[in-house]
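Paired with subunit B in one complex and with subunit C in the other, subunit A is shared by the two complexes that follow.
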Partner chain A sequence: MAEFLQHILNAIVLGGTYALLGIGLTLIFGIMKVVNFTHGELYSFGAYMIFMFSAMLGLNFFLAIILSMVLGVLLGGIIEFALLRPLRGANIDTTMLVMIGAWIVMQNLEQLSWGGVAKSINHPFPLDPLVIGEVSVSWIRVFVFFFAVILIIGSYYLINNTKLGKSMRATFQDRDIAALMGVNINRVYTATFALGSGLAATAGALLGPVFVVTPTMGDMAALKAFAIVILGGLGSIAGATIGGFILALAEEMGAGYISSGYRDAMGFILIILVLIFRPTGLFALKERYG
Partner chain B sequence: MSRWISILWLAFLFSIPLWMIDLYVLHILINTGIFVIAAMSLNLLLGYTGQLSLGHVAFFGIGAYVSALVSLGFDLELTDTYTFVFDAKPVWIAFLSGIIAAGLFGWLIGRVAFKVRGAYFVIVTISFAEVVRLVSLNWIDLTEGPMALNNIQPFTLGIPNLWEMTLYQKIPNYYLVLVVAIVCYILIRRLVHSRIGRAMIGLRENEPLATSVGVNVTHYLVIATVISAAMAGAAGGLYTHYFRIIDPDIFLFIYTVTMVIMVVSGGKGTLAGPIVGGIIFGLLPEILREFAAPEMQWIIYGIAMILIVFFLPDGIVPALKNWWKNHRSKRTDSAEMDAGT
Partner chain C sequence: MNRFKSIALVLAGTVVASVSFIATANETIKIGVSQPLTGAVAASGNYVTQGAQIAESFINDAGGVLGKKIELVIEDNKSNPKEAVATAEKLIIRDKVSVMMGAWSSTYTLAVMPKLMEYGVPMVVETSSSGKITTSGNPWIFRISPTSQMEAKSFGTKVDQFKIKKADFIVVNNDWGRGASEAFQEVLKAKGISVGTVETMDAKATDLSAQLAKIKSSGGDTLFVTSGVEQITLVLKQMKEQRLNHQVITTGGSSSPDQLISQAGAAAEGSNHLLFFAPWFPESAPNPSVATKFVNEWNKRGHNFAGLTEGFRGHDGIMTIAAGIKAAGKNDSKAIQQALWDVKVKGVNGNIEFIKQGPAGKESAQNVPNVYVVTIKDGKIALP
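Coming up: the complex of A and B.
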């Protein structure tokens, strides 16, 4: 029983960051109709930035997280401006190919500039875990979870209660009508991509100190984010949040009770099961013709 | 005219081993040929049905692994008392089993994945490839995992007990790859000019319209996937018996990306496109190897992909065709003007 509870706790803690990744991707996907293959690279970019600021330059750990976040937003904005803006109106496969190209370039630039050796980052939290009854969790993970939850709530607020969020939702529903009503589509797109990228970079900055940082860490993150988006349904932020926790739970249970080698396969198996038994997705609003 | 060009091309390709003495160049050509076959099979899905399958390397790898395992033989401990023993089979049976296995997986994935389209389809195919990669990495009893399967038999040709020849050398392997590539090319050409091919192109151009005139969408998409997967499996089989070693890295996403770049740069939905793209991007790494680190090579690949989408969205072959057409019409125009004055 203790083991089971421990898995549940681990899943909840990990699910927070997965949800961040998923929300970022589902926003970009839902609003811009872009399959963002650079999402995983933004994640590893965030992790390398916190490595640079915190481990190399010796800045304050929390300041380093904020800086990684800001740089992630900026990088996302640049990618949108340079690669996606000229392709406005192109079909989904075309933008997908460009994003694959950008992903290859970014990953190998990381490999060139940081080398292939895994990097670890020290954090200021005590190493003794927090013990609650029979289960325990490390302090850094507790911090990561609460930071992620704050960001998720912040994203909800931004989308539901601000003017920018309103124009994002309008663009999601109907791009042309929104443009006719005076929404600046280009601004909404850049903001969406920057926001989604920022969330991915933050997820990387948060998990970097928990795991180790490698140039290819983004691949798995991107694939997991895709799995979360499929689970949650196109453009559904609530779906992505729940999907993140479901994926984390499936991975924890799979690793705990089936085989740890197949941990990363759980997301894909979930996708395939969802498509067989409920092709419209768990929380989908629209038909699945992305 | 075009018939003569094809015959000249074929004569050129068949003559290469006669005057090319450098075995390393032949090795590169064999490797390129294998990837050209894979790219041609991807083109059937991506170019003719318009479905971007990013899990194509799974079919390639399944073909390679099944072919290797059947030719090596394997045993599986199903229960504590019963062990399933599979004896080693001749290589050509292994090669065929690889093709069939890849085709079966194509059928399975086609049935599941074509419930969705576009971005969802892409992600399902990636997921499939990742699951297969993780299985090959973790099912060590069967696949040896990261330790790799080695000492795989090369191809043998001939009539049993009378005359046989084992293809250890580069030259016969080159001809084998060339012949398989030609067979695949002819198959694809016949297919896209048939009723099935027209249905596929109809689906690509306008799915609701094609459905409304009675084209059975899932049926044709599944046919395309099965054929495409089987061809990729054949390429995998050639790979495995030529290199004679195979490990789970064969399933890496980057190989799918290589195939996609080959198809898109050459021209998707054209017969010659994947061949042209395959030759360019098959030889490019060898040229770049002299003066660029592997990371730089990939960066150049990525930039090339972005530039192609921006400046040659239809690919090289259609662009050349257009250029040739304009060139010709200009010449005839000016000839008429000369005649007029």
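Coming up: the complex of A and C.
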């Protein structure tokens, strides 16, 4: 029983960050129709930024997280402005190739500037875990979970209750009509990409101190984010949130009770099932074509 | 006119470059090196390469081999078996190396091995420990690192001091990890020690909480960990989070205890590590002068001290290759393959010489290296 509860607790804690990764990607995917291969690199960018601010420059840990978040938003904005805006009318293959290129360049730049040796970041939380009955969880993970939940609620609010959110949703439903109605599409795109990238960078900044920071840490994160987006349906924040928790639960239970060798396969088995039985994702939003 | 001028300049430059290329090609003996310089296990690959470069300058300072200087041609296999094959092919076909060293992970080495057969080029294996490498009948393999079986057997002579009753395993899910878990289980069972759960983890996995939660419920007292230093750091940190109080023993020699102390901090306290070189005590190595000279040069170059437990492999590998070329008397793959069988090299790990392993008629060469155990105690490395 203790083992089962521990698996559930682990899954909830892990699911929060998966959701954060998934939301960023699903917004970009859904609204811009861009397959964003740089998502994982924004994740490792966030992790390296908190390493720089907190471990190297000795700034306050929480301030370092905020700074990493802001820089992630900025970097996302720059990528959109420099790479995606000139390709606005281009077909999806062209954009995909450019994004793959950007991914490789970014990963190698990280390798060049930080080296291949893994970096470790100290955090101000106690090392002894929080013990609840028979299960335990580290304090930093509790913090990461609640920080993620706040960001998820924030994103939800932004999309549903603000003017920018309304323009985003309008653009998602039909780009051309939205443009005709006076929505500034370029601004929506830049904002979407910056927001999505900022969320990925924040996930990196939150998880960097939990794990270790390496230039290739983003690969697996990006793969999981894609899995979550397919699971939850394009453009759906609620879908990505639930998708993140489902993926974490599938991995934990799969590793705990079937085989840890297939831990990372569990998520992809789920995707295959979803694609067979509900190809639009579990919680897909309605989208208008034509 | 300007354009013609620049074309002429480019042409002239190309001619000069190719002439000087031919000139250097005549003066040096090239040795191919395939290591993971980027990707999941980049840290280790870079350390091995730094060690190899130290051996290169030691050899060249002493006059080179066969009157020529040696030159390492270093290729990045990107922590990826497919890329490892590409590097081997590039080194053999384009750089025309007669002998090479590589490829760190057992998985990359196993991927490269068919190419050695195809082109008839010997390779000194400096790190990989999967038994399959020397038992699959590839006569071009010369391994200086211990197999997991050798490591486990050597550990077997020291096992009593750890007072193990029931052991669990968490290993990286590749040829190295699975091979190590089998070899150590065999030795433990022979000693009457029971084995609990055996968990695997993807080489890139960072969250190991599921595996550790399962291990916690097995009731064992000792956890054997086989992976690179990055993942060992994660195992130690997350063990603490889940209050898993097993005694830890890492195998494979890639644990870099200094890096663990700085990155896992208190979580590394009390852990034990099997190593093939203990750079804190070079004077107690089998060849103290070789080990001390290497450690001094490493420090002089400002390399990370934590990398010495990997870096020595590159040094010993290149020293072995140089001895092979010297004994062959010419830079020829077949002659070097023959000569390597009889070399005796004083390496940092100890004396390197090869015994036969694998099916008769196409044996691979295997060295019998030394194995050390160190413990992290009060944030410092100690002999247990």
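Going forward, the second predicted complex is superposed on the first by the 284 of 290 C-alpha atoms of A that agree within 3 Å, B and C clash if a C-alpha of one lies under 4 Å from a C-alpha of the other, contacts with A are read in each partner's own complex, and residues count from 1 in each chain.
Just so we're on the same page, a contact is a pair of C-beta atoms (placed from the backbone, for glycine too) under 8 Å apart; a residue touches a chain by one contact, two chains touch by 3 or more.
The shown structure was predicted, so the numbers you read here are calculated from the model rather than taken from an experiment.
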item	value
Subunit A as common anchor, with subunit B and subunit C clashing or fitting	clash
Subunit B versus subunit C as contact partner of A:L275, first or second or both or neither	first
First (subunit B), second (subunit C), both or neither touched by A:A227	first
Subunit B versus subunit C as contact partner of A:A118, first or second or both or neither	second
A:G267 touches, of subunit B and subunit C: first, second, both or neither?	first
Contacts of A:P86 with subunit B and subunit C, given as first, second, both or neither	first
Touched partner set for A:S197, first subunit B, second subunit C, both or neither	neither
First, second, both or neither for A:P129, with subunit B first and subunit C second	second
Contacts of A:V212 with subunit B and subunit C, given as first, second, both or neither	second
Contacts of A:N108 with subunit B and subunit C, given as first, second, both or neither	both
Stretch in clash, subunit C with subunit B, out of 2-10, 38-46 or 110-118	110-118
Overlap of subunit C and subunit B interfaces on subunit A (superposed complexes)	108, 111, 219, 259, 261, 264
Contacting residues of subunit A [partner subunit B, same complex]	29, 33, 35, 83, 86-87, 92-94, 96-98, 100-105, 107-109, 111-112, 219, 223, 226-227, 229-230, 259, 261-262, 264-265, 267-269, 271-272, 275-276, 279, 288-290
Complex contacts: residues of subunit B adjacent to subunit A	50, 52, 112-113, 115-120, 122-124, 126-128, 130-131, 134-135, 137-138, 253-254, 257, 260, 264, 293, 295-296, 298-299, 301-306, 309-310, 313
Partner subunit A, residues of subunit C touching it in the complex	37-40, 42-43, 45-46, 79, 173, 199-202, 204-207, 209-211, 213-214, 216-217, 229-230, 233-234, 240-243, 259, 262-267, 304
List of subunit A residues in touch with subunit C within their complex	2-3, 6-7, 10, 14, 108, 111, 115-118, 120, 122, 127-129, 131, 136-138, 141, 207, 211-212, 214-217, 219-220, 251-252, 254-256, 259-261, 263-264
